[in-house]
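Encoded as structure tokens, here's the structure I'll be asking about.
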Amino acid sequence: MENLVSQGMPLALFGIGIVFVFLCLLVLATRAMSILTGRFGPALGLAPENLADYPAPPAQVAAIIAAVTMHRQRMRARRATP
Amino acid sequence: MEQWRSLWQSTGLYRLDLPQTAMMLICLLLLYLAIRKKFEPLLLLPIAFGGLLANIPGVEIATGDGILRQLYEIGLATSIFPLLIFMGVGALTDFGPLLANPRTMILGAAAQVGIFATLLGALLLSDLGWFDFSLQQAAAIAIIGGADGPTSLYLASVLAPELLGAIAVAAYSYMALVPLIQPPIARALTSPRERAIRMSEQRHVRRIEKILFPLLLLLLTALLVPAAAPLLGMFCFGNLMRESGVVKRLSDTTQNSLVNIVTILLGLAVGSRLAADQFLVPSTLGILLLGLFAFATGTAAGVLMGKLMNRFSRNPINPLIGAAGVSAVPMAARTAHRLGEEADPENFLLMHAMGPNVAGVIGSAVAAGILIRLAA
Amino acid sequence: MENLVSQGMPLALFGIGIVFVFLCLLVLATRAMSILTGRFGPALGLAPENLADYPAPPAQVAAIIAAVTMHRQRMRARRATP
Amino acid sequence: MEQWRSLWQSTGLYRLDLPQTAMMLICLLLLYLAIRKKFEPLLLLPIAFGGLLANIPGVEIATGDGILRQLYEIGLATSIFPLLIFMGVGALTDFGPLLANPRTMILGAAAQVGIFATLLGALLLSDLGWFDFSLQQAAAIAIIGGADGPTSLYLASVLAPELLGAIAVAAYSYMALVPLIQPPIARALTSPRERAIRMSEQRHVRRIEKILFPLLLLLLTALLVPAAAPLLGMFCFGNLMRESGVVKRLSDTTQNSLVNIVTILLGLAVGSRLAADQFLVPSTLGILLLGLFAFATGTAAGVLMGKLMNRFSRNPINPLIGAAGVSAVPMAARTAHRLGEEADPENFLLMHAMGPNVAGVIGSAVAAGILIRLAA
Amino acid sequence: MEQWRSLWQSTGLYRLDLPQTAMMLICLLLLYLAIRKKFEPLLLLPIAFGGLLANIPGVEIATGDGILRQLYEIGLATSIFPLLIFMGVGALTDFGPLLANPRTMILGAAAQVGIFATLLGALLLSDLGWFDFSLQQAAAIAIIGGADGPTSLYLASVLAPELLGAIAVAAYSYMALVPLIQPPIARALTSPRERAIRMSEQRHVRRIEKILFPLLLLLLTALLVPAAAPLLGMFCFGNLMRESGVVKRLSDTTQNSLVNIVTILLGLAVGSRLAADQFLVPSTLGILLLGLFAFATGTAAGVLMGKLMNRFSRNPINPLIGAAGVSAVPMAARTAHRLGEEADPENFLLMHAMGPNVAGVIGSAVAAGILIRLAA
Amino acid sequence: MENLVSQGMPLALFGIGIVFVFLCLLVLATRAMSILTGRFGPALGLAPENLADYPAPPAQVAAIIAAVTMHRQRMRARRATP
């Protein structure tokens, strides 16, 4: 009866294993990258982080800022009414 | 006389059968949910409308040379549409929160447990004789647990195109239902005190990190799971266009016109798979059940991993952000945030939840690659 | 001589007939819809016709960018209040 | 020496023949009308330029592997481009005026008399032996009277692709000529007093009505004239995206980028059918004559129905708005408005004419469905 | 056990070979140049990323049913993408400076000497036995000297698709390197006094001239070099949309969404030709060398023709603007301007250089037509 | 040895020749066009070069919406002035 399940079990363990290995390696690689760029980036001319480097922010943001504002007003209102 | 009869017989009134009527009602229900309840309307509205068209009797729309069938052949049978959408998702994704706190990626891995548990679940249902899912079909169903639309569509188009309609409906519906599905599970597995944990503020992320990250991710994919490279490659390409800052024209178009056009065409193409004879089959019921199971187990696994990490971490980790690891961007992150706010009105988890949230996208794409490799 | 015309005549009459029937039925259906939504709409929560019904632009990035903005402002605020 | 001769023989100068020269002059005339006289420039400019390219001798552009031929095969032979344009038209259409006063739809039905009268006219010309139109060809020509570009292109692509070039030129040219064709007919059939009739103000239309209308229209189409469902389905889909309010991204892109891109490609593809050997045939003359007849009879039928309805209606109806029933959105509605203003400078008919105007789009799409069913 | 081994063997780590590794490094270098040095990033970024994807072992991306392969077949093998881009270039081009001073077109002709010199160069290398280029291949390589991306891609797709990757990389790289390649050549061939020559102000150009010019250009192409009509036809169409003023919607979409979408897809499709087995061949080295030679001889020929024209012209002509005749819009015009400013800080050559610059686009499209005719 | 080069030489000369001929003819044609439009353009109504020549953005709905606004304002005005 358990033919397919027993066939799938190693596959499933194996699959979730790889997902973990992959993301753990990605954590390590990302950390290494952050450290290396932090240390050697300036020497390579990569560091001078001025905003001019960044492209103009996407136009869609308007609504979002509204949402943030709203959220903040809520928080403030909540705090104001003890 | 003869002509009148032939005309009467050509009307939908004469030809409409019960299954098609039922499917039209289902599609109208999906439209209601998309419009009134705002259930992932960007995809459910085109899918549901496509489903309506696909169930009109007596005319070729989703069959033969009909337009929905042609869109399906052009964009879904070839996997082109889901991959272009994934490129758009990449261009819309900000990896900042993830880069600020990379270890939260582990939560994005844990939540993929739902995928593989569901794989076993689908195989079990087959073993029990309740359904008759092949390994490929089980894998395509399991990826619903990835809570990521284009990944689900991609895998279904590769492994089980015959189930594409049901998988799409399940994936997008449950993604829309995340604010209902996740809270009871997350609450059951955590104490109020855990949910109130505040997390320390995130560090600033430099531009160079954001530029290098998609390349790093692609490289790792190429080395370890090449089968995930079509998905993650397009995703990283979109993200690199966004972060490089030198192709603003292309990035803007990708985030807007391109992704919108492809979404419309993709939705209609998916809708063509909602024809009654394909959708009203027992397996659809199984897919809906398994999809729910997938979301639930993924959520639970994410939360439990959050608890585990909190125990062994120097900086406190709120286990709620583990629930965001299923992806369902940004719904799951918002749900985690709201649960945190519920326990402590000043707790602001959104940014912290975005890390596992986008890691979940990566995690399920990796899982999709593995499933393609092993099940294909 | 009038072979094609006599063949086409019933087709034409028939065609314009269906067009009229179709649009007349559409008139009736539309009227019924307007009346029914006017009467039962409010009960179904469909009536309150305010602009709030229309959602804010639902771009996926919304929450993220919003949160970033907020986060930065917090950081600045914190730095500003030593 | 040999090479020089072969090169000379490869030039257009050597190869150009009289028909191609004539077609180039015709295309330049169309460009002049599009640019200087603003004759439906959005489609006539690409069509005419495509026609120029199609008549360049000695190079494959509209033939073989040429780009215009490929665009034709991709988008017109498959009917995809006209259907996508129709989706865009749906997204650009406001059914408000129609919903405010549904009975004006009858005017949109009446004006379709032009289509069926032209069908008989084309068959008569064949019976007389002047031309040799088949039933399919007659049906494709008749739809010019629908005064709706994408519907004409769709029907021609399905029933008579060999006439597509002439039908497109006739349809768009006469649509542009509506301000010249309609006034004499409308004036001849109405008294100044009738033209001065003022209509009562329109009621406010609720959002829910606008959302439900495209679904109602689709349902009726599915039940009665499924053959019209590809056209009206895409139209209703575009309109639902517009009115639902939950997919503004998609609606905006449909109304802009998507419809513009498809218009350019469609225009070029249609232009590929203006090659001399296809366009400079006797039937083109017949098509141009029948097209004019179609517009004229449609206008007349609309106006007469307006007079009839005015006689039996409680609220006054200005018969001029019947002329707008041919569609040719929004040109015909503006023409009706101008004629009303002429008779009474304070008469404001535009909004009242928009109802029959968009009803005419529905009416001719229904007629197209019937013609496909009966003639195919 | 067996499964573990098969999985290990499926990883990129196991399968990656040296050539693929080398290609990945080359692609990363191109990305660095595109992002950090802003080397034609709009095309080099997608091309280089596509190249990365194409060299991932163990998965079909640029082969079989992979997405890059499909994009290649859809858009490059058919020449559709380069032609659409060229339409976009037409819509982005202002012929005003050229119309103000038409004789500067001669400079755009002179700079095409580079193309034909390179043709002979490539054939010489074959005769010497160093490389083995056929006539078709030599022609496709020579057009790199046209310094125009879409023209190069179009010709390569028609004459030598097997060299497309290397030709694209060479063309875009050298276009980006124009500010380094041209100055030493221009300085060596001119005296400081010549470089300081100021040119008289340009006259105002009327709208009607701008509208008629693309039609004139198309007509001349049709009569003399029909083989260039696909390229120049699409170019003129784009320009007419821009200048006609009656299809602003279409012109805007062409200049933005359409050209951006096609650029992304084209870049990825070109990237698919950067697979190691196609790119890492001796001929690539030859292409890179010949490309440099083409740019250098084109620049020299343009400058020398500038000197010649200056001698026989009533109004002074600064020979530097001859260098802009290679095209590489607008980089070469800017380079000429900067060299003029260097010699005389008040000298403003930019507008004068734009004339030969866009004439160079026309010149190389004509040259492409001739090469297709003679080499195909 | 020089087989290919000698084959290509006439082709190259010929090619650059055509490029020159083409662009020279284009110079002449352009000049002629500029002169003719300058002389006969005004008579043909092509000259009055004002920006009004360029049409307003031609969105299909534009006119309609404008008209609605106008209509409503008129109606309001009518009601306001009894």
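Read from first to last, the chains carry the letters A, B, C, D, E and F; within each, the first residue is number 1.
In the analysis below, contacts are C-beta pairs under 8 Å (C-beta built on N, C-alpha and C of every residue); 3 or more make two chains touch, one makes a residue touch a chain.
No experiment lies behind these values; they were computed from the predicted model shown.
Trainee: Following contacts chain by chain, what is the lowest number of steps it takes to reach chain F starting at chain E?
Mentor: Step count on the best path from chain E to chain F: 1.
Trainee: Could the interface between the copies chain D and chain E be described as same, meaning over half of its residue numbers are common to both, or is it different?
Mentor: Counting shared over all numbers used gives less than one half: different.
Trainee: Provide the C-alpha centroid distance between chain D and chain E, rounded to the nearest whole angstrom.
Mentor: Taking the average C-alpha coordinate of chain D and of chain E, the gap between them is 41 Å.
Trainee: For chain C and chain D, what's the span in angstrom between their mean Cα positions?
Mentor: Chain centres of chain C and chain D, defined by C-alpha means, are spaced 24 Å apart.
Trainee: Just how far, in Å, is the C-alpha centre of chain B from the one of chain A?
Mentor: 18
Trainee: Which chain D residues touch at least two other chains?
Mentor: 7, 38, 41-42, 224-225, 245-246, 249, 257, 261, 374
Trainee: Where in chain C do residues touch at least two different other chains?
Mentor: In chain C, residues 14, 18, 55, 57-59, 61-63, 65, 67, 70 touch at least two other chains, as defined above.
Trainee: Could you please specify the touching residues of chain B with respect to chain A in the complex?
Mentor: By the definition above, chain B touches chain A via 98-99, 102-103, 105-106, 108-110, 112-113, 115-117, 119-120, 123-124, 126-128, 135, 138, 206-209, 212-213, 216-217, 220, 224-225, 245, 248, 251-252, 255, 345-346, 359, 362-363, 366-367, 370-371, 374-375.
Trainee: Applying the document's contact rule, which stretches of chain E touch chain B when the two form their complex?
Mentor: So the residues of chain E in touch with chain B come to 7, 10-13, 15-16, 24, 28, 31, 34-35, 38, 41-42, 45-46, 49, 52-53, 56-59, 61, 65-67, 70-71, 256-257, 260-261, 263-264, 268.
Trainee: Can you tell me which positions in chain E touch chain D when the two form their complex?
Mentor: 78-80, 83, 211, 215, 218, 221-227, 229-230, 233-234, 236-237, 240-241, 244-247, 249-250, 252-254, 257-258, 261, 373
Trainee: Report the residues of chain C in contact with chain D in the complex, numbered from low to high.
Mentor: 1-5, 7-9, 11-16, 18-27, 29-31, 33-34, 37-38, 41, 46-47, 49, 53-55, 57-59
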